Amino acid sequence: MALTEERPPLELTSGEEAVVRKPLGVFTRPSDSPGWRSWLTTVDHKKIGIMYGATAMAFFALGGLEALLIRAQLAQPNGQVLDPQVYNQLFTMHGTTMVFLVIMPMLAGFANYLIPLMIGARDVAYPRLNAFSYWVFLFGGLFLYSSFFLGGAPDSGWFNYAPQSGVAYSPGHGIDFWVLGLQITGIASLVGAVNLIVTCLNMRAPGMTLLRMPVFVWMALVAQFLLLFAIPVITVALFLLMFDRLYGANFFVVEAGADPLLWQHLFWIFGHPEVYILILPAFGIVSDVIPTFSRKPLFGYPFMVFSGIAIGFMGWGVWAHHMFASGVGPVSVAAFSLSTMFIAVPTGVKIFNWIGTLWRGKLSFTVAMLFAVGLVSQFTIGGLSGVMHSVAPHDTQQTDTYFVVAHFHYVLFGGSMFGIFSGIYYWWPKIFGHKLSERIGKVHFWLMFAGFNLTFGPMHIVGLQGMPRRTATYPEGMGWDLMNLLETIGSFLIALSFLVWVYNVVRSRKNPHAGADPWDGRTLEWATSSPPPVHNFDVEPTVGHLDEWWHRKYDEDESGRPVRREHYEFLSAVDEVSLGRGGREPQVDTSSIHLPSPSYWPIVIALGLPLISYGLLYTYWLSALGGIMVVGGVVGLGLEPSVDPEAGHDDHGHDDGHGPGPGTDATGEEAELVGVGAGDGATASGDRAGSGERA
Amino acid sequence: MVNTGSRFWFGVVALGVIGALAYLLASGGEPYGTLVLAFTAVAGLILGVTSITLRDGDVALAADGAPSTAAERRPVATRFAAAWPATAALGAAVCAVGLATGGALLYVGFAILGITLVEWMVQSWAERSTADATVNQRLRNRIMYPVEIPALSLIGIAVAVLAFSRILLALPKAGSTVVAIVVASVILGVGVLLSSRPRVSSSLLAVLVVLGAVGLLGGGIVAAVAGEREFEEHAEEGHAEEGPEEGSGSGPGAEAPEGTGHADEAPAPAQGQGGG
Amino acid sequence: MSVSEQTAPPEVVADRADHVPHDAAAPAHHTSTGLSNEKLGMWLFLGSECLLFGGLISAFLLYRSKDVEGMVGPAVGDLYDIPFTSVSSFVLLMSSLTMVLSLSAIQRADHRRARTWLLTTAMLGATFIAGQVYEFTSFVREGLGYTTNLQSSAFYTLTGFHGVHVTIGILMLVSLFVMSLRGRLPAERSETVEIVGLYWHFVDIIWIIIFTLVYLIPA
Amino acid sequence: MVRRGRLTLLGLVVALVAGGCARDAPQDVLEPAGPLAETLDNLFMPIFWVAVAVFVLVEGLIVYAVVRYRRRRDDNDDELPVQFHGSTKLEISWTILPALVLGLVAVFTIPVVFTLSAEPANALQVSVTGQKFWWGYQYPEGQSEFGIEEPIVTANELHIPAGQPVFLTLTSPDVIHSFWTPRLNGKQDVVPGRTHTWSLEAYEPGVYSGQCAEFCGTSHANMRLKVVAHDQAGWEDWVEGMQRPPQKPLSGLAAQGFELFSQKGCAGCHQVQGSFESVAADSPPAPDLTHLFSRDCFAGCIYDLDDRNELEAWLRDPQRKAGSLMVIGELTEDEIDALYSYLETLE
Amino acid sequence: MSVSDETLAREAQAEHDAQTEHEGHDHPSDRSYVGIALILAVLTALEVASFYVEDQLGALLVPALVIMMIVKFVLVVAWFMHLRFDSNLFTRVFVSGLVLAVGVYAATLTTFRFW
């Protein structure tokens, strides 16, 4: 919100006493204090990215635990592990968690952390809104989970079909928690989407044209557009359901003449773009990982970009393939069946282009690469079962069976989760300065790979043998027993592999520093130190190429073969490890780089939202309190300058995309010019020194 | 110079007067209680005036004439702060009346008390924060503006909307359309007038504003008292479940749409925020 | 994209020179597209709002056209007071004009006019809301509560959402007015007014659609 | 390492598929037992093989690339592979080829959508209600070509003549259910407020298992059903039996049960034609019990009716089927015995 | 280079143009704003009038109303919201949302008719 920051730098009317005693207490604006408090008020996209990731992984453990309980119940016919009521809560929360609280935030985390680094920016477009998004997501998730302690979690499945989700059939508060919780996280996604889109479009370094952006940035951008347009649709659905449940409206009350298919349409108009929101960034991740470890550029970059955009577009025209058995009429069924099939075309382009990238490369199978190739191979399986679904008449045999469950776990786990793990192993050294152990990582990968296939492979079979999903139990004699047992064993293998990963993370702190560019990376994030400084780059990069960093490191000989340059310059001060092989540091004064200051408002506003929601369920007083926090917080955020004029301008500064005013701007610009000039000088002299050393 | 102490006593006066009036009305003319309350008010008045003439406890007075140092300079905000005792008293009064009459007034009283409490606390915290009054003022503003600005605007909008809609409801159907046209034209007309005549005197402006406000509020009150026009029920079938609309005579519109608005408000501002 | 593309050594300073706008008077956006972050953000948000209102409008259209046997209470269409709603629509439409006049005034640094128009816009908005409160109340008096039937739920939800949007808009206008009074809205910040204006006009165009689809076109 | 992993996997998959298919699975989609299911199967098989072909192609390419181009231990890391950036020709071809393949798939698919949605001629008409958590069936009167003069009402077990098309009209009074008998046809959701239609046909007499496939609440898993297809004689027998009203028991334990049936409120929900007709015939809240003992299973076909213990257990506590909407007071063992004897007479 | 590649390149070029073009500051005059408002007013009046002659218009009513609605919509968006004068990017962002909304919801409403 731009109602802001015209406050002139503080000047005392009295003119004396330059040093004002800083008042104590929470009401002052936070400064960049170290320790845990800095995490609460940070607006640094990197810290926020890390928090997203950590939170999402915690939710993954929760969602996984729920899955394990589900599998325990289904291990044998007539399972007695769980009550049906509990079972229903578990699969609902499992699906909701995995989709909304694991993969979406995980990918938001990657996007947050990486987009500015990859496009050469100092931060995202609206750093404080970024923090806001994170907190909203976190509190939304906690709100949703609090339902377990407040009378039972939602229990009508992750798409909560009306009228089962209406008050008449789900009288408890479970569904209310679901409705309100998703509205809250929806706000987070929407704000995040606006923020990241503006970042991608507006914050690129000089020369970083759209067609020089790394594929991850592209795919994240497409996904954010999908979010931007899909979130309001589910918001409508959730609002209608909420008014039905809380205020007696009639949107899904069949007795009043309502049509439950309205819910299905609204949900899936959101739901299908949503699945591409879940997969596209993962595609982006592997599109950056595979070239790095094949040591050659991505095959057909423009096609990759375009197919991503095409998937994004086509994803809007297929939603009713989730309703082939709902009775939408043959014309609709035929139309949606057709449109669904053809989404395989742009996806196929991606698969083949990845194979083209592998082709005649020099593949090193790091764990990141294993997961990336794992994605390519496993997602294909899920995609192919998707195409089988798209054959509408036969989908009436497949829908709501374990065949669908197999399909979406292959695309979600074999696709998104594999992509996420690939990204985790790939960027870990960038984020924390040291690698995860490759050795343990390989154990992790193979265990997970085996467990995954053992869990979800047999689901294809039981699905076609007629086992419906969402059944808390099944009788003997259906021919499903063996497969279900195998699936359960497989799921515990996955759990084991997850523990291996946790172990890897825990002990990774002892690993040696990995250096700024441990994988010989291609994109700009590798050109700065690991972990990057708060301001990302000491020198703002100017981009001349796709894969800019690679081009800065490699030249070509006459035959077109790349040869490593003698010298190249990192974009910020790096560590010893990175300086071998011709790497140089820029010599610049970074003290004049100003980043936005931390702020309390994001977390205050975000806390208000669950309060409002609890209030709607229990007492309006809470809502009033929450409302005051939200409205006050929003205005407070608006009135607060994004750069604290009272904070010392020593270690961080303003670059939040637009200066506070022309005056300050000039200084910013000056600083940059000076900085760059100095950097260049340093390069020159450094070069000489370097060659001297070598000689 | 109206100082802190006197303000408190004037608060008591207000309490007494209002209490007396309310008691009179509520009890249907019972004299003793009314007299007690009225005399409380008189006593408060005397004490307040005394307090002013004796100027006790006035820091500014004590500092008068002394060289003004940063530490001693009278905090700018105090001008404002001194109103809080009075509002506290008012709140208490309203509460008392509310207790006596039973009903919504009690909550209004609580609200006033609550607001006073918060404002006063923040105010005094800010005043003791630093030696510099301007800084202190800023500190206060930083915390309170985010709440005050929207709250005040909201209240303003709500009052205007309420008043105007009462007027519309009181008039016959065609009449409300005409009035709506007239009001809108007047607003637009005044806008045009003001912008085409850059030299409209500020007193004329003030007159206009006051006239408008008085007209709106007065009209609203009159209309509310006069009650709504007759509406004919359009119900075709038997009314299944329409209980909630009854009960609330004073609310804006009926219960149900209000409920909608209420629910909307929660996430909507945040969405608005997302864009800007 | 071919291998032969030469790596240009980063000729930073030269490249930078024509990238950074030197026009100090214009609001300096050193963004890649030259557009301001806030404005782009607002447009993105408005694009997203299209899907929000689209959903609500569709729900209403669907349920209004539905023939429900033994529907309780009146149909919304029977209660419309078209003359009055026309006035309301008109008021909102004119508020768009005053909004844009305010923007154009502040761009000329004509703060007095800008304030006048801001306030006029806000008051027109309030008139609209008052009209809506009036309309809702009279509908309820005529027997159409929020929960009465399908149509009524859909109608109140749709128009209520719109009303809340208008209210938020008025709040922003009043804030701008206050800021301007306190001298915190110099001409260089006219973009703030522009952005609030975008939101305001958007709310207006939504009403243009609602007025036609919901009120004028018969069920 | 990689190759070994993959081979094991492949072996595993083959083993699983083989193991899976060999098994006796009464709801196996891939063993159609009627013309409609067969149409679906015929559609599925070619598409399955297309998928297999693509699978083999893609995975083959990946495995080949992984094995062939992986970095070897003795490689010189400074020597980089040829840096090619793509090939428009290739990329266009792998855009167009899948599109063609899919076009072919579509050509087969779309007509089937329409043929299957048409109403078959001369079909037996049955209205089906799906409700929490059982299926009700009504055969409208006057279908003389099927021998049905009087309406027939039954639950959970759908009886049909083999070799003849059956046309279902489905409705739901509460939430969405989905009617599914995998070996006879795909599934059709039953959305409350809407009326859906669906066809069934079995080639051979037999019992075909199915179940509700849309999540509908606590006992969704227990909302099973059976379709019993009869040969001509069997069908006629069944229809005849169903049209004969049961006798009121006049003496003994059964007569006691008869009394209890109304005393204990059973008749408030259940209909027994000719004896208790207190509930609306078109939307009964509970299964019609007129010919209870003509069935094999009860309560959403999860309990065996032949087993006396099951039914007694049901009367002791209907909540043994979690979430069941049958709510009754506690019955003594004697009452249960009496009720059982009465119910037994309902053949 | 492929066709699509060129398209993207052109887009990038267009974007660059927008960049150099420096956001046309040639905003329309107040006079033209008032003019637009007048047109809008007249259209609204026509819309309302159509309500009173509903019967005479017959089948024309709905198309006429929709056309007037669209014209009003476009006028406000183009002039008051400056899309005519502003960067193309804004138009694209907004129109994609709008078109998506219209397309998706129109399709949804039609599916309710096929049964």
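Here the chain labels run A, B, C, D and E in written order, and each chain numbers its own residues starting at 1.
Everything that follows uses one rule, which is that a residue touches a chain if its C-beta (ideal position, glycine included) is under 8 Å from a C-beta of that chain, and two chains touch if they have at least 3 such contacts.
For clarity, every value in this text was computed on a predicted model and none was experimentally measured.
Distance from per-chain Cα centroids to the pooled protein Cα centroid is smallest for A.
Looking at A-B alongside B-C, one finds more C-beta pairs in contact between the chains of B-C. The chain with its C-alpha centre at the largest distance from the centre of subunit B is D. Taking the mean of the C-alpha atoms as each chain's centre, subunit B and subunit C sit 29 Å apart. One finds 30 Å separating the Cα centroids of subunit A and subunit C.
If you average the Cα atoms of subunit B and of subunit D, the two centres end up 66 Å apart. Listed for subunit D are residues 83-86, 88, 91, 194, each touching two or more other chains. For subunit A, the set of residues that touch two or more other chains comprises 1-3, 190, 194, 201, 228-229, 233, 235, 239, 243, 247-248, 257-259, 261, 266, 301-303, 327, 329-330, 554, 560, 635, 638.
Multi-chain contact residues of subunit E (touching two or more other chains): 1-2, 5, 15, 89, 96-97, 100, 104, 108, 112, 115. Those residues of subunit B that touch subunit A in the complex are listed here as 70, 73, 122, 125-126, 129-135, 138-139, 142-143, 145-147, 149-151, 241, 256, 259-260, 262-263, 265-267, 269-271, 273-276. Interface residues of subunit A facing subunit E in the complex, by the touch rule stated above, are 201, 209-211, 225, 228-229, 233, 259, 261, 265-266, 269, 302-303, 305-306, 316-317, 320, 327-332. Taken in their complex, subunit C has these residues touching subunit E: 1, 21, 23, 26, 32-35, 39-40, 43-44, 46-51, 53-55, 57-58, 61-62, 82-83, 86, 89-90, 93-94, 96-97, 99-101, 104, 107, 194, 197-198, 201-202, 204-205, 208-209, 211-213, 216-218.
On the side of subunit A, the complex with subunit D involves touching residues 83-85, 88, 156-157, 161, 163-164, 169, 254, 257-261, 294-303, 325-327, 329-330, 333-334, 337-338, 341-342, 344-346, 348-349, 351-353, 355-356, 358-365, 373, 376-377, 380-381, 384-385, 387-388, 391-401, 446, 449-450, 453-454, 457-458, 461-462, 464-468, 470-475, 477-480, 482-483, 486, 554, 560-562, 564.
Put simply, subunit D touches subunit A in their complex at residues 2, 5, 9, 12-13, 16-17, 19-21, 23-30, 37, 39-41, 43-44, 47-48, 51, 54-55, 58-59, 61-62, 65-66, 69-71, 75, 78, 80-88, 90-91, 94-95, 98-99, 102, 105-106, 109-110, 112-114, 116-117, 174-176, 178, 180, 182, 185-189, 191-194, 196, 209, 211-222, 302, 322-323.
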